[in-house]
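Okay, handing you the structure first.
Labels run A, B and C following the written order; every chain starts at residue 1.
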Amino acid sequence: MRELSTKQKILRFMANNTVPLLFVVIIAFGVPLSGYSPTYLAGEVISRISRNTFLIVSLLIPILAGMGLNFGMTLGAMAGQIGLIFTTDWGIVGIPGILLAMIVSTPLSILLGWWCGKILNMAKGREMVTSYIIGFFMNGIYQLVVLYGMGPLIKIISPNLLLPRGYGIRNTVNLIGIRKSLDNFLMIRIGGVPIPVGTFLVIALLSVFILWFKKTKLGQDMRAVGQDMEVARAAGIRVEYTRIMSIIISTVLAGYGMIIYLHNIGTLNTYNSHMQIGMFSVAALLVGGATVASAKIRNVFLGVVLFHLMFIVSPMAGKRLIGQAQLGEYFRVFVSYGVITTSLVLYEVRKKRERGMSGLALAQDQEVTS
Amino acid sequence: MNNELGAPLLEMQHISKDYFGNEVLSDINFSLRRGEILGLVGENGAGKSTLMKILFGMDEIHQTGGYGGSIFIEGDEVRFTSPIDALASGIGMVHQEFSLLPDSTATENILLNREPLKHTLASELFGERLNTLNRESMEKIAQGAIDKLGVPLDGKMLVSEMPVGHKQFTEIARELSKEATTEMEEGLRLLVLDEPTAVLSEQEAESLLKAMRTLSSEGIAIIFISHRLQEIIDVCDTIMVMRDGRIIKTVPSEGVNVTDIAHWMVGREVNAAKRNTRTFNYEDSKVVLSIRNLWVDMPGETVRNVNLDVHDGEILGIGGMAGQGKLGIPNGVMGLFPAGGQIVFQGEELPLNQPRSLLNAGVAFVSEDRRGVGLLLDESLEWNITFTAMQIQDKFLKRYLNGLVSWRDQKAIEEETMKYVKQLEIRCVSTRQNARELSGGNQQKVCLAKAFAVTPKLLFVSEPTRGIDIGAKSLVLDALRRYNQESGTTIVMISSELEELRSVCDRIAIVNDGKVFGILPATSDSAKFGLMMVGQEVQEV
Amino acid sequence: MNAALMLTKIRQMVRSFGLPRIIIALFLFSLFILAPFFNVNVATSLSDTLNRFGMNAVLVLAMVPMIHSGCGLNFGLPLGIISGLLGATISLQVDVAGPASFWLAILFATPFALILGWGYGQLLNRVKGGEMMIATYVGFSSVAFMCIMWLLLPFNNPKMVWGFAGSGLRTTISTEGYYLHVLNDFLKIRIGNHFIFPTGMILFFTVLAFAMWAFLHTKTGTAMTAVGSNPVFARASGIDVDRIRTLSVVLSTWLGAIGILVYQQSFGFIQLYMGPFYMALPAVSAILIGGASVNKASILNVIIGTFLFQGILTMTPSVMNAMIQTDMSEVIRIVASNGMILYALTRKTEAAR
């Protein structure tokens, strides 16, 4: 291999990190425009990191197994929400409440993840769009259970949770009992910025788990399946089973992530919270420089910081710039979707370009010989 | 070796195999000693790969009714029901296509799904797969296998960054490493290498042969399948030649030369097929198509620097071993795969990579990939036959509003389709039947009809008889011959079956290693073609 | 004919038609049967169904060209809808009252549909194999982008902009005084007290559907079907696959633009901002319910599918509500429509392209 010049190196770096660099530019303009103080921004960003990281990490495992971005993580979010509804109903507060909600969500997540994995195995080659539709489909079932089943079929004790008509859960559930209980555990302040060490510890633990998981036999099998299903199958790896496992793990983690997310917010929008979460998590991960084919822990952290910094400053920046906060809000929605679109397009285009390379080599070869 | 007097390592007795009455192997007998290298040669379809599939107990064999005869390993009869059984008895195989993960290292690939593990607590709860990989031990085992092979392969190198030869070594090292990681009784005893040198450079092939000798000296027997006859002579102890499902010759390699082997490979009884008796007058016919410096990037059929002249009105055959590039020539000329070079048709240079320009000029193509390229499987026969002519030559269309609207002329389409259904005896329920529902032979006839419908000046026909029964075969070949005579259409026919080419063509070009190796009249001695196929110069007498 | 033979015949039919479709058809059928028992007026229901059919059929028709050319289900329909919205808003800005505003809206929408559709087609040609996911997000991003534009574009018709700010378009704009019911009321036929046949709207759809049918019988239309059926075959037959695909995307986008205008004239409002966001999904599931697959669709699929889908949408709230005193229509809609899409995405034969 010949050495690349510095200029080429910079160009290649920029080509491989287009999305994060674009965000740095947006933020570089947005932050001064918004006029927020650094302390305020730091506090907000820290809070967003603690709130969202767990959810985003749940996307990593299916990417490892070559199944792309798991838009079906909403299934886990639903399971987490059902866990929270029950623990709220039972009146269990604080960290035990969070733990119990996680425990309740686990079997649900496993079941949903297994089903989702099964369906995705039937739709190889278009996992992403299928997982995205699965999210919508399951939302219907979720509504059926929560809006109609809870009350008459599934006992709910607390009347505060039920709609006035006597069955179905209210549109918003107050999570006051567990609100910020994990965040406030071991909370410290550095220069006026509150840091929820408890939540950070959980996130650190999760990160270590992911890194460890990649070293296990199952992690290695997923890597093999992700690179080439047929080669993995020929070597005796159970491809379908491995893919289902990756979705189950993702779904369970998404369930936990949703519980941590909602505990930070403090209220559950019973019929809306889970729908948006997939899109925001995917966008944040991609902003961090991940692609459909590869994602690492550092992409998660970089993504969460960049994406949410943009999210925080854009309404204010819009207001200062044009006089309309609404504009900034639409802008950030546009950017979120734009990022996902760009990443998906880049992924497909790169895949194609690699195929076209061998012909060029052949032509060059011939020029040399003739 | 101390078992020199005992039972041979592998012995096959009276092996036979038929696919639904169609015999592909009959009465195969041979034996193999420890450390012996056996060269297995034969044309495509001679039965080599079926024989190996039987040895490995592949599913394909059981699903098609098993096999006859018996296999002995060191005197004990075995009947493997799956490749895993074969592996447990110490038999390994390296296939022609690589089965490697591109973004993993050599070590990871060598030990794929056989990684040594470190016990973890989590595995107690959730099962074995949560044990972590023991990287140190992995590297040790992989290095051990690489050392045994005696090649300079870096275990930490990613497969995607390897030269092709190293990929081959990785595959072989994987087989060697199996003794350390599976419940094999006593390590690898027999290794089958299927065309391992086909993709290698000369230097790489040389070091592979060296590695084979090293393995042999350690007592591992090798079955070496190759088309490179010189290599076979150089490295093998014994040479076994197969033809038409039989063993033609088993000889010690000493003293054998390439010409002998080539003779044994292709030498058939002369009356095998109806011979083309016409003598084409080349002096009076112009060159209609000339190909210069053509390269084609068709995976598995790469073409390099091909020069070829096709005369007006002739039937030119293109033959050669599979993977040597004969299929790449028509596919590249017709613009289906990326190509470069120059083609001049009827004195006019045509741009490459544009199927349209060739079709407009009157060149048609019947692809070897019927289902993938040749047919609209989910559309009617009518569409399949008339579509190309409709799109290229505006046939079967009715014009309205001064030609602004060109409407499909259903009646003309039906008539044309019926014409070919009758002429080529296409067996179908109706002309509206979907192409998917037809048998392979009838599908092939539909492909021919599609090409005839554009009334081409030059027709490329690729593997016209592949996978169709004998009746349909002769019908297809007759149709081609007749079409050439009646309408004077020049035909270039590409086929793996030399006899088929010799029965239809005027001249036959043999492609080897992506280039035209030579062109001979179809009436030449078949041994000469055999030599050319394996890349040997023919000494004209 | 013996029973066993009948059974296998029926089983074959079920397999070729798809179990989900049969369930949905039977479900709708039973709703119509049950309706009178729960004092639901069948005539009103039929009239409503027909009206909704007319509103949505063109949007469903917009799926056909892209399915034919093998670009898959057009999840990027919002892009076409945006072209329609641009046409609608510009037409209102020009402020021509009455039916003429409808035709003006179509006229203004067309160049946007052509340009956006062309760009969208070029993009989809670069991402063959991943069209559907990318189409979804192209739709979403374009809706979000237009949210910004609706705020910024210099519209000033007081019926359209926020009263207090004097700029920025409202989220919903009434079509009253412009093209409200221009098609609905054209030659409408009233039968009894409860049944109205929206002749103009149905006629408009019929004309477009016929044009589509005719197009598929021309040389170019034939090429489009072949590209969708086997793109390699089409290429080997000298077809410029990318050009045909782009044409199909432009057609789909343009039909989407027309479709939303037809929808608005009946609905009475132009919905801006996040309005078009989820409009692709009902259209996608409707054509699938009608019997289309990811790469095969016919005009008949459009008609049957739209009728079944809209029928369920009208019937479930009224009948189910009367039956169990609970409005479960939303849940049924979500499960049925997305279930149908999932079914289509997981078919093996369709995946083998």
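By definition in this document, a residue touches a chain if its C-beta (ideal position, glycine included) is under 8 Å from a C-beta of that chain, and two chains touch if they have at least 3 such contacts.
Being a predicted model, the structure only gives us computed values, none of them experimental.
Ranking all chains by how far their C-alpha centres lie from the centre of chain C, first place goes to B. Counting C-beta pairs in contact, the pair that comes out ahead of the other among A-C and A-B is A-C. Per-chain CA centroids place chain A at a distance of 46 Å from chain B.
Rounded to a whole number, the gap between the C-alpha centres of chain A and chain C is 31 angstrom. Not a single residue in chain C touches at least two other chains.
Of all residues in chain B, those touching chain C in their complex are 334, 336, 355-356, 358-360, 365, 367, 372-379, 383, 387-388, 390-392, 394, 397, 405-408. The residues of chain C lying in touch with chain A in their complex are 75, 123, 126-130, 132-134, 136-138, 140-141, 144-145, 147-148, 151-152, 168, 281, 326, 328, 330-335, 338-339, 341-342, 345-346, 348, 351.
Against chain B, in their complex, chain C makes its touches with residues 217-219, 222-223, 225-226, 229-230, 232-233, 235-240, 296.
Of all residues in chain B, those touching chain A in their complex are 84, 99-104, 108, 112-115, 117, 120, 122, 128-133, 293, 295, 297, 299, 302, 304-305, 338, 340.
The touching residues of chain A, when paired with chain B in their complex, are 212, 215-218, 220-221, 223-224, 227-228, 230-232, 234-237, 356, 358-359, 362-363, 365-366, 369-370.
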